[in-house]
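Chains here go by letter, A, B, C, D, E and F, matching the order in which they are written, and residues are numbered from 1 within each.
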Amino acid sequence: MKPGTPHLDIPFYQAAGDEVEVFEHAWKNRLPLLIKGPTGCGKTRFVAHMAARLGLPLYTVACHDDLTAADLVGRHLIGEGRTVWCDGPLTRAVREGGICYLDEVVEARKDTTVVLHPLADDRRILPIDRTGELLEAPPSFMLVVSYNPGYQNLLKGMKPSTRQRFISVRFDFPRPEQEEAVLIGETACPPDLARRLVAIAGALRALKDRDLEEAASTRLLVYASLLIKDGMDPIAACRVGIVESLTDDPEIAEGLMEVVSATFGR
Amino acid sequence: MKPGTPHLDIPFYQAAGDEVEVFEHAWKNRLPLLIKGPTGCGKTRFVAHMAARLGLPLYTVACHDDLTAADLVGRHLIGEGRTVWCDGPLTRAVREGGICYLDEVVEARKDTTVVLHPLADDRRILPIDRTGELLEAPPSFMLVVSYNPGYQNLLKGMKPSTRQRFISVRFDFPRPEQEEAVLIGETACPPDLARRLVAIAGALRALKDRDLEEAASTRLLVYASLLIKDGMDPIAACRVGIVESLTDDPEIAEGLMEVVSATFGR
Amino acid sequence: MKPGTPHLDIPFYQAAGDEVEVFEHAWKNRLPLLIKGPTGCGKTRFVAHMAARLGLPLYTVACHDDLTAADLVGRHLIGEGRTVWCDGPLTRAVREGGICYLDEVVEARKDTTVVLHPLADDRRILPIDRTGELLEAPPSFMLVVSYNPGYQNLLKGMKPSTRQRFISVRFDFPRPEQEEAVLIGETACPPDLARRLVAIAGALRALKDRDLEEAASTRLLVYASLLIKDGMDPIAACRVGIVESLTDDPEIAEGLMEVVSATFGR
Amino acid sequence: MKPGTPHLDIPFYQAAGDEVEVFEHAWKNRLPLLIKGPTGCGKTRFVAHMAARLGLPLYTVACHDDLTAADLVGRHLIGEGRTVWCDGPLTRAVREGGICYLDEVVEARKDTTVVLHPLADDRRILPIDRTGELLEAPPSFMLVVSYNPGYQNLLKGMKPSTRQRFISVRFDFPRPEQEEAVLIGETACPPDLARRLVAIAGALRALKDRDLEEAASTRLLVYASLLIKDGMDPIAACRVGIVESLTDDPEIAEGLMEVVSATFGR
Amino acid sequence: MKPGTPHLDIPFYQAAGDEVEVFEHAWKNRLPLLIKGPTGCGKTRFVAHMAARLGLPLYTVACHDDLTAADLVGRHLIGEGRTVWCDGPLTRAVREGGICYLDEVVEARKDTTVVLHPLADDRRILPIDRTGELLEAPPSFMLVVSYNPGYQNLLKGMKPSTRQRFISVRFDFPRPEQEEAVLIGETACPPDLARRLVAIAGALRALKDRDLEEAASTRLLVYASLLIKDGMDPIAACRVGIVESLTDDPEIAEGLMEVVSATFGR
Amino acid sequence: MKPGTPHLDIPFYQAAGDEVEVFEHAWKNRLPLLIKGPTGCGKTRFVAHMAARLGLPLYTVACHDDLTAADLVGRHLIGEGRTVWCDGPLTRAVREGGICYLDEVVEARKDTTVVLHPLADDRRILPIDRTGELLEAPPSFMLVVSYNPGYQNLLKGMKPSTRQRFISVRFDFPRPEQEEAVLIGETACPPDLARRLVAIAGALRALKDRDLEEAASTRLLVYASLLIKDGMDPIAACRVGIVESLTDDPEIAEGLMEVVSATFGR
């Protein structure tokens, strides 16, 4: 697969609300979009799905503390004896009129995200200081950012001046039946297994903020389901696929395993 | 649009006070200008408008923490086997006698903005250390900076010695009738819709500092209006266009939605 | 031996639980794997063993503070008058479909771990910004990371969004009889010596976190055993092979030597 | 104006004390000079004036955090296939025997200013390590630095070993009659206007450290005077020229405006 | 002496404990060795001695902050129109089966020490990324590292996972009679002078960590002895040769001078 | 004066203790020398004097943070189509057997000072990596470094292992009569003036650490004396030459001026 060409196969996505329409409206009106929701609830998959659906190239950037403006916009490199400008993912998306998706945008430093401002305006321009270029975003370009409001730490909220440039959609874990559908859709597992795994996930999510730092994501269920399908013992599969990925504390892990074995029976 | 050439069409701008005259006076007297005001109240648009009106090229720099003096002034690059000097936006504006607009100037490090000093003086010169050049700004050159005083944090105020080189204009949210005019002017929406959206904005702005960190900007109204025009349900449009962009707290969001549905009726 | 070719001799590994099966399941299902456990409990040996067993090339990266994303992915080098792209170990592993093993992954900086995200997804792709390439990982590629939960400090914990991309296996020091077996297997020492050394290790591990920063690894026992076999005095061998490698504090060292001489008798 | 040639017209400067003599004595005795004083009290203008008066070329360097020793002294660049040494402003001033003026010297990092030491000695030499040159400063060369003592911070004070190489002059805001003279001299405004503006400045300066972080500089008065001369309403001119440049707090601004309107009468 | 050839003359080394045997055992069993001890206590000399004794070439690297992995492993040079790979000291030692001695290893950056891991394992291999080579260390190769536990700063401790790859030997300052022998051997001073200087050193070493940051090394004694032989007053010689090199605090210096004059008499 | 040739005239230097002999002894015994002392007490002048006296060329390097090892050792330059090696000051001193004087050595980064180690040893060699040369220092070569212990900051102390390679001399302000002699020698001022200035300095030095960060150096007295000789009013001269260079605090400055006017009488 090359970027710049539409995906041929559209990744599976199970819509939970009106997010698909909102995305399309936003794209049509050239408005940037902000997606909020917990880890592993399908934000990335959703964007991938929409990009495929709209036939646009997708540029994903996972944000982190050390992300600099240059990492987004581009930098000079030294080529054969001369300096070569090398576009960053944001610039590339603008040039090609694709979707630029910044994942976990609050992880980036606030001052880095400031470079998005002129793009998220009605101006839709990207001035590149270092080369003196000024890119106008083509109509098909779209800026999408996401973050996890639960994990957001004090120091790292988004600046209001950044937030108010986006329209916003809130995601959450899918409802049980939806999640079962997702599991079945992803791993073709038997419905009963799906139901059990979703039950486990529900029980584990209730522990968030008390014993667990983070809730169990749908992805972990997919992993467990894959392992079980591959013939692993369900309980062992849940241990390596779900429990150990959630905590390092041996005692908490034991507790979670109790939940698992209560579900699958010993 | 290419930088360096005057805009042909003058962007729509609805003046709220005497800012247009102040700008012209400043430009005539070669004084640098500082614009303060909250997010989304039209600072950027105003500068674009004035640049078009005066027929000057506009160089916008979105300031951020990574911005270095070199990003403003220029740097050496390596060309075919030799070192080439490459102007930064500030230098380019000086050379061409255009307007250099530094957006959110407090986001840049204080030490970086020091390079503006000789330009913001009566000397109006730009010494370029690295090449030994000393540029005299032509009469038509103007330096404009803006920032959001509400969001200014302790660590990032402007230095007094920088501030006192500018004359300053304060922006605020437009009065209701003005704001309606803006909405209609921007999105050609029906006056009734404009009135309702402005009413919502008024109600939401009253919550600032208590439940909301920041007041709703005019830009959000424009977004909502666009979505509604595009056929979205007004209430859903207000949710994604206004409410979710203002808060992450589900309960506060519910409260704001009450305001919205009280305005549009369920 | 060249990387890229399967190891011919499979390194000795004494399994302690079901880790071998888990590894194989993970590899078959293309799931990335996370191994947790203290220093010197055999994580590295285990991965080497599995790589040999599966006949895959193994790329090991010991993570540290200064590891940059470029160190993993690769960078341009300047060759004879021209720039050459040079793959990093991660890229090489992806290209060849081998195993990439990141040791002590929490030691690396965050931007480094973010590079792993698209590979640890179901997407299994590796975008290389600098060259614009986008590698799809072949089915035989596998990503394995490890860390030491005891030594892990909070700031450097893995982000939940990273952790939940892996399935996880927990390691611990082998049980005494296993460890004796390892010693005998590695150094062909008499069982009695093995028993004594393992006893010493047990006593020393109890001191972890109070007097010692780290527990004594099996490797140190192997060293001591080798030296003793070579004719060194057991007590001197334990001093240079175990005790002095664990602490710099002369008093603590004395204390540990007491344990040793209590074991071997003076 | 080109650097390197004496100014033909001597910029207007209204002496407040014996600074002119001190400067001349220093220049005659080849002593470096340090000028301290608040923002906008005429330090830069004074140096320009003296340079013109003594008929010396003036090299101004606006110090900032990114300034390196190489920026002052010079560096190698690559010209047509060969390495070319390119003088920095300090070197140029030494070569030509002009005045080198480092503005806001504390903005540069301490270790950068160390390169001034051999020049500020009785040795008056500038060794250029990179080329092996050793420049002797001609008698007409003079080194002048300035800074604002009120705004000095911990990391950036001057090192005592640097300071003690200079003789120092302290500037302060001019006395009222002098300030009026300055205003009239600069903007040719009617004496009555000058008197009023100076009165406002006096009232505002009394607020320093209580409500205002910094006192109003003479420069702001010049701005206001220019705007008024240009036909702006005096009160509006004072608002944009003085008040808004001093504070962001709307209430304090109101208070200051009271002072203004009390002076001009409503 | 050229590196790569065995030493012909064995440097004088006066063993203080069983370090010689330990070294030989380690070498025979192919175990890497870690030597700990204060500055100037003869670690380097010991390694040189052992290398000569075992008839192995010795490659010494003094580690510091800027030591890069390339400095150890090697880099390309461009010879007559073609590129030549040039081994670093570590590579050379591996190729020739000599001893590679890294002095003050904690001073090196972490990425440098990581290069050592595969060599310090039982794998004993050195992968060279840039050339794609993978060297197997011959049986006669040995890796020796040293550091100063007193001076070790917190940020730069060795990681346990690195330490536990070595067997460790602890060094200390020579016993008085040994040190006198060294002084006489080095500077041919009269025995009485040697005795006095060593007495001073002993007294000063007792102050370490309370009044002095570091203990007096044998080298300082050599300096003092040289100066005295050259006709300087013994007390003055000790002041400039020993005392002032140990402390900047005038009072502590006074105290040390008392010790000196107690030894030499006033 | 050209570097590389012996000074013909010996700069005036008034010895305060046995430093001249120490220097000569050190030079004769080929020991490197470390000079400590406060700002402006004549360290630099002393070295210049000794160099002249011994008839050796003197190479002074003012250390700063940008100083790289290449700046000391030398670099390649590209001339007309070919590369030329260009010695740095250290290399030049070694080649010519002169004195290399590094001023304020703690200001340089540690990796820069590492190049001094082999020269400060008894080996007295300077390996030049880039050219593969290995220079042996001739007997007449001497390495001298200086720093100001009072101002030494935490981050930048010298490493004990570096310090112990030097013999050390401590400088301090001269005794009153000596200082008067210096003043008269330097500025040919009348003895009475010298006495008064020295009295002022004495009074001001008593304030060190309480009101003043640093004591008044002899250099400042020279400045004041020069200005007075040049016809300036003594009190004004002391203000600009001494007081204002010592403090920024207006109140402290007033206090110091009291001392001055008490000395000269109003």
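Convention: contacts are C-beta pairs under 8 Å (C-beta built on N, C-alpha and C of every residue); 3 or more make two chains touch, one makes a residue touch a chain.
Everything quoted here is computed from the prediction, not taken from an experiment.
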Distance in touch steps, counted as few as possible, from chain B out to chain F: 2
For the interfaces B-D and E-F, which has the higher count of C-beta pairs in contact? B-D
Fraction-based call for chain C against chain A, same above half, different below: different
Report, in whole Å, the distance between the mean C-alpha point of chain C and the mean C-alpha point of chain F. 53
Chain centre separation in whole Å, for chain E relative to chain C (CA means): 30
Indicate the residues of chain D shared as contacts by at least two other chains. 78, 81
Order of chains around the ring, counting from chain E in the direction of chain F? E, F, D, B, A, C
Residues of chain A that touch chain C when the two form their complex: 1-3, 39-40, 44, 48, 60, 62-67, 77-81, 86, 88-89, 92, 103-104, 107, 148, 151, 213-214, 216-217, 219-220, 222-223, 226-227, 230-232, 236, 240-241, 244-246, 248, 250, 253
Over in the complex, which chain A residues touch chain B? Could you list them? 18, 21-22, 25-26, 28-29, 31, 34, 36, 68-70, 76, 78, 81-83, 109, 111-112, 114-115, 117-118, 121-123, 125, 127, 129-132, 134, 136, 149, 152, 157, 159-161, 163-170
